[in-house]
Amino acid sequence: MTKDIKNFKKFREKMNKIILDTDDKNIKRFFALDNRIYENGALDKKTKELIGLVASTVLRCNDCILYHLDQCYQEKLTDEELYEAINVALIVGGSITIPHIRYIFEMWEQFKKS
Amino acid sequence: MTKDIKNFKKFREKMNKIILDTDDKNIKRFFALDNRIYENGALDKKTKELIGLVASTVLRCNDCILYHLDQCYQEKLTDEELYEAINVALIVGGSITIPHIRYIFEMWEQFKKS
Amino acid sequence: MTKDIKNFKKFREKMNKIILDTDDKNIKRFFALDNRIYENGALDKKTKELIGLVASTVLRCNDCILYHLDQCYQEKLTDEELYEAINVALIVGGSITIPHIRYIFEMWEQFKKS
Amino acid sequence: MTKDIKNFKKFREKMNKIILDTDDKNIKRFFALDNRIYENGALDKKTKELIGLVASTVLRCNDCILYHLDQCYQEKLTDEELYEAINVALIVGGSITIPHIRYIFEMWEQFKKS
Amino acid sequence: MTKDIKNFKKFREKMNKIILDTDDKNIKRFFALDNRIYENGALDKKTKELIGLVASTVLRCNDCILYHLDQCYQEKLTDEELYEAINVALIVGGSITIPHIRYIFEMWEQFKKS
Amino acid sequence: MTKDIKNFKKFREKMNKIILDTDDKNIKRFFALDNRIYENGALDKKTKELIGLVASTVLRCNDCILYHLDQCYQEKLTDEELYEAINVALIVGGSITIPHIRYIFEMWEQFKKS
């Protein structure tokens, strides 16, 4: 795995630990629910993570993009599936999403090299 | 089909005709591309429309929701698949999406009755 | 209570019942958490509802505004407190929030008359 | 002028009067500044209102759109200028802006008929 | 004070000076109003800054978050008050706010160490 | 040209090449349309780029801002025209746009020095 992605994961893990260590019950419940929602069900995990990726792209959040892209990569998303999902994000969200689409391509290369 | 959905479709069709009758080439190109992107490919139309539905929900646009929900209905989306997609929209977009999720449930009932 | 607010509450209640009757556990969990978060704690309910009102205003969601405004009214928010919270929403969110601020004033009058 | 636009203007005027009658100085200052900014200067009023129209479209606020469209109409914006500005809104903001672009076309017809 | 926060403050101060030195009267008026709105009134400064913090979080602007968090820190906001305000931001704005909530926790640690 | 702008341009060019090399036809069509829309027409290129700049500012995308600012600079936009366009972005989009307005000023200085 390349250094950028490793660093993001390390920072994410460290901060999530700090957040969950506060013992604030509502934050814990939200984080638990956030994990549960992407589990296999009527829709499989891959489809849900892909939906999460497009939602993150039209809302323009790079950290959320990286998280879902990683999940999609682990679920064996193909290049063509990724491009078609990006098409939807681009047409719905407009050119304002292009910098985030550049980011998706940049990180996707990193996952494939890793 | 119930009256609400019929009215929306009629208004949508009428306005799209007015817009495309202006002979503005760039608008025509955008609208053509907007149709092409949801066609069957590496991802099937149903998955793409479902992605479009969640993107519309987190961006909170009822007219866009109704359009994609109609497409999902025609693609035989099941109740359980819809609920799980809504879960992703709700967790990603937060309680601010709830009024739009109420709208999805309201319109879904109408499609099923029609 | 005036008719507009009554209708909104009836629709809201009816749709929430339909949503929760689906027995989708994740939606139930989200809705339960959404209620819990505004309870008295280190911050009192009034302050939390006021924060919810401003968040709904800058995110420009009238249904969310009406819900939190109702809660604020029940928590005895004064006119002056409301105006100062609106000031923050207006300066942070810009003139794009003005239609929603008109809505707050319109509904506030209705709550005070009811 | 058609009835829809007249009603909007009447409601807008009535609510702005209520808001400004509260004697909240900061709201008054914001509203005054909001008017001042669109006056003729290095950029003429027509260009500024057109910029305001596109900003309102990508932020997806129909009331703001109607206000700026009215100003553009009074400043003798041509159809072709309007269509090209809409092109920018559509490409930047994506298909999520289409319902608002339908609204612009619908209202523009009303202004031209009035 | 840690280096990150110091750097941000220095950059912010430098750029605000450049902006205000342009002698553009409308920008000056906006900046003046932006300061005035958070002063003690019917709501105290602490509550207003906390509202500003949550508004900045749901609108997902880290620089705005850092500014209001600093003000909250100076107004002696407690950890528990901060967590409960974050709860509201998280439930209203959804998981898309989580990277900004990580940032709040990271910076809050820095303020407390400083 | 300063190093920051040069780096951005190089990264942008490199990533766009990677994206267009995928041979995904819909992305190519979107990118082609995105270029065509800003060409001289009923509105001149300078006005369109200025509209694109303000749209990018209220939607808060620094990469989009830098692109349009560069185009505006090449179209000989004056300081006063820039300030007045910024005024519209600031009043419409609110204080949440201020970090992006700081960025505009910072980059504008760099273009003028280059």
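When the chains are written out, they are named A, B, C, D, E and F in that same order, and each has its own residue count from 1.
To be clear about the criterion, a residue touches a chain if its C-beta (ideal position, glycine included) is under 8 Å from a C-beta of that chain, and two chains touch if they have at least 3 such contacts.
From a predicted model like this one, the values you see are computed outputs, not experimental measurements.
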Each chain counted as touching chain B and chain C at once: A, D, E, F
Of all the other chains, whose mean CA position lies farthest from chain D? A
Taking each chain's centre as the mean of its C-alpha atoms, give the chain farthest from chain B. E
Going by residue numbers, if over half of the contact pairs line up, that's a repeat, so tell me which of B-C, C-E or C-F repeats B-D. B-C
So what's the Cα centroid distance for chain C and chain D, whole Å? 27
Whole-Å distance, chain D centre to chain F centre, using C-alpha means? 23
Using mean C-alpha positions as chain centres, tell me how far chain B is from chain E in Å, no decimals. 37
Chain A touches at least 2 other chains through residues 26, 30, 33-34, 37, 55-56, 58-59, 64, 83-84, 87, 90-93, 95-96
Connecting every touching chain pair, does the picture come out as line, ring, star, complete or other? complete
Any idea which chain B residues touch chain E in the complex? 58, 90-97
In the complex of these two chains, what residues of chain F are touching chain E? 60, 79, 83-84, 86-87, 90-91, 95-96, 98-99, 101-102, 105-106, 109
Chain F residues within the chain A interface of the complex: 11-12, 15-16, 18-19, 22, 24, 26-27, 30, 34, 55-56, 59, 61, 63-64
Spell out the residues on chain F that touch chain D in their complex, using ranges where they run on. 33-34, 37-38, 41-43, 47-48, 50-52, 54-56, 58-59, 64, 78, 80-81, 83-85, 87-89, 91-93
How about chain D: which of its residues touch chain E in the complex? 26, 29-30, 33, 36-37
